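Below: one structure in structure tokens.
Note that the chains take the letters A, B, C, D, E and F in the order they are written out, and that residue 1 is the start of every chain.
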Amino acid sequence: MNILAIGPHPDDIEIGCAGTLIKYAQRGHSVFLLLISKGEMGGETEVRYKEQMNAADIIGAKDVFWGGFRDTELLDQGNEIIHTIEAYIKKIQPDFIFVNFFDDTHQDHRTVNRSVLSAARYVRNVMFYEVPTTNNFTPNIFVDIGSVFELKLEALKAHSSQVMKTNIPDLSIIDIARSSAHFRGVQGRIPLAEGFIPERLFITID
Amino acid sequence: MNILAIGPHPDDIEIGCAGTLIKYAQRGHSVFLLLISKGEMGGETEVRYKEQMNAADIIGAKDVFWGGFRDTELLDQGNEIIHTIEAYIKKIQPDFIFVNFFDDTHQDHRTVNRSVLSAARYVRNVMFYEVPTTNNFTPNIFVDIGSVFELKLEALKAHSSQVMKTNIPDLSIIDIARSSAHFRGVQGRIPLAEGFIPERLFITID
Amino acid sequence: MNILAIGPHPDDIEIGCAGTLIKYAQRGHSVFLLLISKGEMGGETEVRYKEQMNAADIIGAKDVFWGGFRDTELLDQGNEIIHTIEAYIKKIQPDFIFVNFFDDTHQDHRTVNRSVLSAARYVRNVMFYEVPTTNNFTPNIFVDIGSVFELKLEALKAHSSQVMKTNIPDLSIIDIARSSAHFRGVQGRIPLAEGFIPERLFITID
Amino acid sequence: MNILAIGPHPDDIEIGCAGTLIKYAQRGHSVFLLLISKGEMGGETEVRYKEQMNAADIIGAKDVFWGGFRDTELLDQGNEIIHTIEAYIKKIQPDFIFVNFFDDTHQDHRTVNRSVLSAARYVRNVMFYEVPTTNNFTPNIFVDIGSVFELKLEALKAHSSQVMKTNIPDLSIIDIARSSAHFRGVQGRIPLAEGFIPERLFITID
Amino acid sequence: MNILAIGPHPDDIEIGCAGTLIKYAQRGHSVFLLLISKGEMGGETEVRYKEQMNAADIIGAKDVFWGGFRDTELLDQGNEIIHTIEAYIKKIQPDFIFVNFFDDTHQDHRTVNRSVLSAARYVRNVMFYEVPTTNNFTPNIFVDIGSVFELKLEALKAHSSQVMKTNIPDLSIIDIARSSAHFRGVQGRIPLAEGFIPERLFITID
Amino acid sequence: MNILAIGPHPDDIEIGCAGTLIKYAQRGHSVFLLLISKGEMGGETEVRYKEQMNAADIIGAKDVFWGGFRDTELLDQGNEIIHTIEAYIKKIQPDFIFVNFFDDTHQDHRTVNRSVLSAARYVRNVMFYEVPTTNNFTPNIFVDIGSVFELKLEALKAHSSQVMKTNIPDLSIIDIARSSAHFRGVQGRIPLAEGFIPERLFITID
């Protein structure tokens, strides 16, 4: 299968669904990443680009695409973003799309979610992941990431310029990822999980 | 895998998820049905029992269990129903449970849904199906039932005493099943589907 | 009374509420249609214009207005669209407005809904209809369209360039309309219905 | 038409929908009241009975029925209450049912609402009204009660033993009724209104 | 503490939370107002400016800031508005922000709410207030405004050009404020209250 | 102030709000605990009683009350439970009540929440906490428990017979508490928090 994960900025995909993507890649599926912006408000563009490429290597992604929009400036460009994502969907033909959830305090995140909702309207499976700025997220789809959790943390550490940028004193994104994985795990009755909300998901019976 | 479908009355399971169950049975999974009541307010107990057993045969179910509660009298016996369902879960060890949705105009349906929510709290996958009395059902999980749709209709026709008991003049449960399958199909972008809302669903990646 | 139905593209109004509009027109009320775009991404502008005009004739509409915005480009022009709709509301003085529902995978649909919410804020009755791309629609207002259902299908067939453009193999918009009418009918306990969600509706007692 | 208003205790109906009922009665429709309990925890049974009968006279109700259940004891008797209400529905054959909303801090209110949801499942129009203990009520159906507002207050005053029993110092149920009518009026853009949430409502076009 | 109240137009803040702000000012906290537009569609800019400054004096606000955006034109400028609000937050360092609720029929109101959600994402306490165009507002946070209610009305009367501009015949914003305060009071079990929905609120225990 | 925390079984209160209660007790407020059942399905009654009393000591509670209902048997006794809680509220006169959230897979938890909703309807502040079986919990009220977190863990460890009874292999309730505190902390932008949903909360301004 072709799996496409979409994130507004570098590191969003890793926080939300790196464990799931690693499992897909390990089973031989083709994982693609699409970053809508380069996250230039959170650090040097060059640095963030390299960090994202390293994280993609750890995940085992087949390719990384860049939307080319400007960090924190996505809000009033929704239509152009939709058309950009539509082009990548046409090219990649994904069976599964993962993107951040709609309800979020960051305007770029809200815009990217709505853009994917539109652009992906004929894609079979569309799933929403969470990041630390997500609001009111109550996942009912779970993936057990116990076997790949350390790799997920490696993918996060690849974003080394961002690890301590959590706006919470002494708390790293690694700490946040660990707590989230346990918290969602408990909801799924296992030690470590990623949680998702489906826009549309098919159960394949065989 | 072991699949357990639970219904308040005979024919509820067939309306809500017979297509999905047939597909599971066809792939060699073990499908079990649990009927909480015998539906004695809707017809002769004997008749309804036989109809349900015939429907189970068409589905390819391995066994049918009966909770023994009285039709239209479930509402204030929730606790006892929970304990009964817990016993069957212990016996069957299901990987998947299917049960009708909570929001429903029929009191028995509301009770059975809440009872399963409690009894199944350590079962991995729990999914809610819809019937004609369900309210506010907005499925985001779909199963393509195109290949088994005629068999689903056969399973419904097995409930021959109920086929015209829809409380809508000249409309049979077959007509309703056909419209629902098309309607949910359109939402899933395919011709014929059953729709579900997950209480909790694991994606297995392999 | 003056009834105003608003649609993002040609054929949206017919899918969502043609049956209701036909009944209003048959009783002598004045029905007006406002199309925000010409639907030029779905076919020749000329063709779609004529199809819409023919559909309006079948409905018995008194007049058809065109907003003049570009198909798939509505998203970031919400403010201008509001002002356009306000002008038509001022001109028509509608007692009832019908418009597609907010939650929809198509960006144009979301924009038109929000624009009407604002533009119509002093209009007495505002009702939301559904189309195939609508999400999470749980209608609690129903209109019995049994007596005008064939006419509704005629109005849909007038959009002949669109009849097979459903993105679902072998499924026409006629098939979809038929399933929807049955499905919503069942919810209202009648054979054929259109379902609505009210933003604001007055019951007139006399 | 036959209109049936159902209340858990004397005065609930008057608070929630007396204005609407008065308008129906004035136009010649047959209004019936069904009180599930006699409200004996809020005063002398005899007194409350007489007050309710006087209020019914002011409303212009054709008949008043009493369910015979005990005030504050409804919660675990839902099934029997459903069967009682079903019997009255069979007798009265109502076109419209009005009952208090589900989300309420009073257990009797929650029970009565759910009981009506079940008992009325084949009644065409079912509408929910609000009382001071209702929670999270966001009405989208409105009735202009300007012409009958003073009569509504008379019907409330008939419950003279209850007028000051609001649990809020110096605030009478008359004061509450006045504020509610204005508050809901503003939401409907008129001076005085009653607001409702529909479980199911048909628009009749003629 | 520093309290920042944000409103799309002059008089929105007074309607939604003047009572609460007056109480904060009376206890010696620093209250700041930020008006995103001058409300020039509702009257002379000069007049509205003076009215707002007078209202601020009555509230006891320490300073008033103006965002400089155009009334009814906020919708497609969300990103610029976010950056403007971020600048004021940086300057004022508020402990509490009050802003109108998201669900509203006025496009400017929706935009301002979403802009504050983003701009204030690292502010500790963010609370939403209601105005007459707000929809679906179900407050669960209350402030008793009994002791400052007359002052709140004075602050509203300072907007003398707006007092009768309610779009409801013979109803002033003073009447609306009075009904709202009683209605929300009843929900909080006191005579007069302002109601809020928290985006994020800390309880300080000492 | 008088603070009353209510839990269906021993250890629910500690999991949900021990940190907050400890802070109240440390500031000299009177904290009371009410346990609806003795949790006899989860261990020896004697043992669980002692563990709860020890936990109450660590919290600094002034007194502990026991409702006397049977573990896993609360569901169909809602009315009696309401009357029991009403009696304790009358006795304690609490300013604040804390109780578990409604949406929960455990039937006892749902019953206790609804019972408190009714019994506490004239209590000023009522707040809902979460436990591991809670569903769809999206807190917007936070308490910083950084200074008392170790004490909270002590209170949990006092329930030594329960520490490993999480139904998740190798995961203790201490682990769960730690992850929850971090997870909710991140949502409140601090390292360690308890999160709540308010039924009704007053802001006191002074």
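Here is the rule we use: a contact is a pair of C-beta atoms (placed from the backbone, for glycine too) under 8 Å apart; a residue touches a chain by one contact, two chains touch by 3 or more.
Predicted model, so just to flag it, every value in this text is computed and none were measured.
Shared contact partners of chain A and chain C, listed by label, are B, E. Using the average of C-alpha coordinates as each chain's centre, F ends up farthest from chain C.
Separating the centre of chain A from that of chain D, both taken as means of CA atoms, is a distance of 50 Å.
Spacing of chain D relative to chain F, judged by their CA centroids, is 36 angstrom. The residues of chain F that reach two or more other chains are 76, 122, 167, 189, listed in rising order. All chain pairs that count as touching, in label order, are A-B, A-C, A-E, A-F, B-C, B-D, B-F, C-D, C-E, D-E, D-F, E-F. Residues 20, 23-24, 27, 122, 124, 140-144, 187-189, 196, 198-203, 205-206 of chain E are the ones touching chain F in the complex.
Contact residues on chain A toward chain F in their complex (touch as defined above): 132, 135-138, 166-171, 175-176, 178-180, 182-183, 185-186, 189-191. The touching residues of chain B, counted against chain F in their complex, run 76-79, 82, 114-115, 117-118, 121-122. On chain C, the positions that touch chain A within their shared complex are 72-76, 105-107, 110, 133, 167.
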